[in-house]
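Both of the next two complexes hold chain A, though its partner changes from chain B to chain C.
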Partner chain A sequence: MTDLMTSPPGLRPDGTTAGTVPRTRRYRPGAAATTAMLAPGTVVLLLFAAAPMVALLVTGFSHDSAFTFANFSKVLHTAVYMRLLVRTLVVALIVTVVSLAVAWPAAWALARYVGPRPRQLILVLVIVPYVTSQLLLIYGFITLIQSDGPLMKVLSLVGLDAHSSIMYTPAAAVLMMIYESIPTGILVMYSAATQVDDSVLEAARALGAGRAFVLTRVVWPLSVNMLVIGFALTYVQTVGAFAEPGILGGPSGQLLGNAIEAQLHSGTDRPFAIAMALVLLLCSLVVVGLVSLVLRRTQGDGRSRR
Partner chain B sequence: MNRHRLLMKAWLGLVLVVLALPILCMIALSFNRSRYGTLPFHFSLDWYRGLAGDTALIDALRTSIELAAEVTVLSVVLGTLLSFGVVRARPVVSGTLSQLQLMVLTVPAIILAAGLLTVFDWFGLGQSTTGLVIASVVTSMPFVVLVVSARLRDLDPRYAEASRTLGAGPMRTFATITAPLVAPAIVAGALLAFVMCFNNFAIQLFTAPIGVSTLPVQIYSMVRLGVTPDVIALGTIIVCCTVAIIVILHLVTGSAARVFIRTNKED
Partner chain C sequence: MSSPHAAHRAPYIRRFLAPVTAILTALALALTGCSLSSSGGGDKVLTVAIWKGYGADLPWVAQDFKAKTGATLRFQYIDSEDNLIQLMSKADGSIDVGLPNLQYIGRGIDQGVFLPLDTGRLDNYNDLYKRFSGLGEIRSAGKLYGLPWTWGSTGLFYNAKDFPTAQTSLNALWDPANKGKVAVIDDANVVVPITALRLGLDPQNPDMSKIRPALAQLKSNAKTIYSSGTDLAKAISTGTVDVGIGNSDEVGGIEGDTPGLTYTIAHEGAVGWIDNWAISAKSKHQDLAYQWLNYMTSSDFLNKYVGPPANQAPAPANETVAKQFNQSILDRLQANPDKIDSLVLQLPEPADRLQAWNDAWQEAKAS
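Let's look at the complex of A and B:
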């Protein structure tokens, strides 16, 4: 599951450093003490967070400890894997766009139209699926959608066959991934909504702006930064999905993550699995880059025409 | 304007219902007599009674709890020290460290796991229990750092300064002023690290040695055979425990959500 820090500690989501108010200098103990406190955690992070990323590159470009592009050309020249790659990138795009479209209005309502106490309760409710094990969520989803399950019983009232189900179809996997992405979307877009000042909206309305104008020229430019963050977090996570398509997707719903999983588990050709993972990661970053470029451009337009 | 507001609130309500539905459905069916989770509903506690006899699940649960406990202790010690260091370090250092941790949490677990496995091979660990613990610490510690360093940053430095001015040494200041002020954040970080480690399926799937099944991994191997009532019952218990921990987290920190989002608006 996923994933979430909307920003590194100390950094506000909008990119400015925390605390615009000048701070009093705090008491600093000796530099030696600071280094001693930093050392153990830093060593762990360097060895097991930074080094694995280096290891991916080293392994991906090697075969029998010689430098080679062979692993990548195998990925790029096998039609099956290319189809899986394209399908994964498209599915992740659909999942990301739909989950953000579902989450944004909900987050806006949560930030503006709900009182402080119920708001806290709702945020707790949103966090529960976020921290619950992915496997249990999938399990709950299966109990809900399986044939003769509660959902199909209800749908049979409107004429659908209760014994049928969307289990083992790509749609089931896509719905599950959307479900898992919604909490991330709500949490990110909630911070976006709180960043839009009420007085700005009031000013726009007082000056005669219609609802469409307020949305496209005021709310949108002020929300684009967080929208990009939400897109990046959701997209990169979804691209690496394998449990949802593996369990729910059926044979035609498999994604590249499933091929990587199978290859990692068989353990026969790890460099190849890693090459697939790197291609996937790189492609997803390119998509994120392009989308953020396009989104940021719309923000710029809103400003220049104002 | 009011109709617009109402529509948005209705949408929020709908989204919340959809989010809750699979979990509520699982809870409801755990009390249902049908073996395959099908309707009609007949109340029964059979699956909870049968749970104790499912040795594979219970063993996996024990493995998971032991792993999460170990990882929590390590994450809290390393993470708390790191937090104290980070708030005093130069921006370059603290920035790099937080970027590294952000990366750990955003890169898909399957890709991080592939890299970790390679590093473990370099160190001669392979797929081992040690590797599993290390991988879990790396993915849980950032949550401790997140909570504790945020608390340290919010701490008014004047408290410690006052204590020093009034003649207390650094150790005494730490023990009587700083530690009590930071303790709730450390507790919150520990709870969060435990939940995150316990539920981190993908990392466990790839780094656990053959023969060691944590609970999510065990459920993964069972899920292909269809819905089993034992898992539904155990899942219900775990979801309830997760909710309880989140509620405690909420009470300790004042707002569980603040761990995951930083807003400019103070509630």
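Let's look at the complex of A and C:
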């Protein structure tokens, strides 16, 4: 209450703002300036996202120069590819949920309990994996988890065999993908955490709300939108993984991405590989759509009960 | 109706558009510059399509070639043989030479991608193993389209430290005693013929109903299914795998760092492959392309290439050069001529057969 009485709304005791900005008259550029601002991004998206997607669709629906559903039919009617598809969707879901569950508390702490200087340092460290080659990250991870590696030597102190390792198991690939996804989760949820105004939390507590109530009825509804974004970014990025399962996952860790890669590499039926990729894309978008629908419904529930 | 900000809009737009225009102009100039540098290089730029890290792009190669011809090299990296044929087909002559293997060169010949070679302009043609230079797969209507460059095999390797006796049979890969110690290359084009050899089936057209269960057994014995030589080296150096299927050149490159590591052609045989240089039918630098083919198959290049084990060089198709190597190099390269006849060469196969192999291997991996 002291803070509420002495600090302006949205201003933390350390003097930084927590998401609210003083309302000022907004400058609205004209149509020409707006077009100029949108044009470069639109052109890039059309050239490098929309055009390749159209090319993929055309190729996926072609066989011997004829329009056909045969490639998709083969994907959907071949047990091995359906098994790999389901495995991939489930693994990506596990990776996404775990990485967001780890990232969210870290992001919350970073936004609220860490001072500006250490926060900046930690955020730089979080960004480091983005500017590091993916293969370098994977081989670094291998060095860590391989038999007789640093991790196994530490674990041997509590009785585990230092010569054993989770290397070449599906668990290794899943761990690696979680490790790769956590920075995305932290950055997105950090943004969510900064959008929750301190004054709202203080008001809830002042009105007698307990921690659980604040979390489920205040923080959750205010964070759901960013959570959906975090889920989408992490899930779509994970679902297409092939390097991690290929290098770390061992004989039983293969995902559909590996089958697509092998199909493209064989050069025997490129349209079939593209059909697999499109089915995977569509299914992952359905999963993202369903999850965001469910999450947004919980947001609505939270708001109605407040 | 003018906006309250109309008076400020024009300067704002100018302020905004100025850097955007500058960036776009710089981008356009850069692209034009790229275009000019490639065409401006004219006859003195040779574009080579090849796998990354496969001999031709070693740093000293460009220097040597420039010293000999005055030309600079530009590399277009490929990620599959199919990719090579497609790139050279669509490049419309902007890729001058490529390196199709024996299994895929026929596609390029049929599609008119490659130039018929004049053997009179190939300085080292008569020095090649006759078994390679005489192959029908690099010819069409009596004309030569590919110049054999390197060859190798994909077969059995094992670490002698982990086996009391020499391993001479592919059975080692399926032996339950080696479960969890086997490395398998992730290539249906190799594992299916290897499985066929082990079962005594025709490796070019095996009965797939017998291959499928054997592939599932191979997968269940495997510790890793690897895609790159780097991954294999990692698995071997950490002692994770003791036996497996590997490329002779990749295993040869690792042998020096791993005492006991042995590559052998099992008594059932191994899969053989040959990579061939081919010139684009639309190349505008044919003279330079012939010079490249002559340089790549020369004693000068090949001796420097096979020297350091780290280059993971395969065996040269130039018999005259290979005969000059000492025994240790021949052993490392698996370039002993008596091995050639025990190889099952990867030959052109119908697309539906290769797809059936791929499906069977995917099925085994997903089991």
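Throughout what follows, the second predicted complex is superposed on the first by the 258 of 306 C-alpha atoms of A that agree within 3 Å, B and C clash if a C-alpha of one lies under 4 Å from a C-alpha of the other, contacts with A are read in each partner's own complex, and residues count from 1 in each chain.
The rule is short, and it goes like this: a contact is a pair of C-beta atoms (placed from the backbone, for glycine too) under 8 Å apart; a residue touches a chain by one contact, two chains touch by 3 or more.
For clarity, every value in this text was computed on a predicted model and none was experimentally measured.
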Tell me the contact category for A:Val90 with respect to chain B and chain C: first, second, both or neither. neither
Tell me the contact category for A:Ile142 with respect to chain B and chain C: first, second, both or neither. both
On the A-aligned overlay, A:Asp269 touches which partner chain: chain B = first, chain C = second, or both, or neither? second
Can A:Val126 be said to touch chain B (first), chain C (second), both, or neither? first
Mind working out whether A:Pro251 is in touch with chain B, chain C, both or neither, as first, second, both or neither? second
Report for A:Tyr81: first if it touches chain B alone, second if chain C alone, otherwise both or neither. second
Looking at the overlay, does A:Leu282 come into contact with chain B only (first), chain C only (second), both, or neither? neither
Who contacts more of chain A, chain B or chain C? B
Would you sort A:Val294 into first (chain B), second (chain C), both or neither based on which partner it touches? neither
On the A-aligned overlay, A:Ala49 touches which partner chain: chain B = first, chain C = second, or both, or neither? first
Footprint overlap on chain A, comparing chain B with chain C: 27-29, 36-37, 40, 139, 142, 146, 148, 247, 264-265, 270
Complex contacts: residues of chain A adjacent to chain C: 27-30, 32-33, 36-37, 40, 78, 80-81, 83-84, 87, 139, 142, 146-148, 165, 167-168, 246-247, 250-251, 254, 258-259, 262-270, 272
In the complex with chain B, residue positions of chain A that touch it: 1, 3-13, 18-19, 23-29, 34-42, 44-53, 55-56, 58-59, 102-103, 105-106, 108-111, 113-114, 116, 119-120, 122-144, 146, 148-150, 153, 179, 182-183, 186-188, 190-191, 194-195, 211, 232-233, 236-237, 239-243, 247, 257, 260-261, 264-265, 270, 273-274, 277, 280-281
Inside the complex, what are the residues of chain B that reach chain A? 4-5, 8-9, 11-12, 15-16, 18-23, 25-26, 28-29, 36-39, 77-79, 81-82, 84-86, 88-89, 93-95, 97-119, 122, 134-135, 137-138, 141-142, 145-146, 149-150, 153, 157-158, 160-161, 164, 170, 192, 195-196, 198-199, 201-202, 206, 215-216, 219-220, 223-224, 227, 231-232, 235, 238-239, 242-243, 246-247, 250, 255-257, 260-265, 267
Within the complex, chain A is touched by chain C residues 3, 5, 9, 12-13, 16-17, 20, 24, 79-83, 85, 104, 184, 186-189, 219-220, 222-227, 231, 234-235, 238-240, 351-352, 354-355, 358-359, 361-363, 365-366
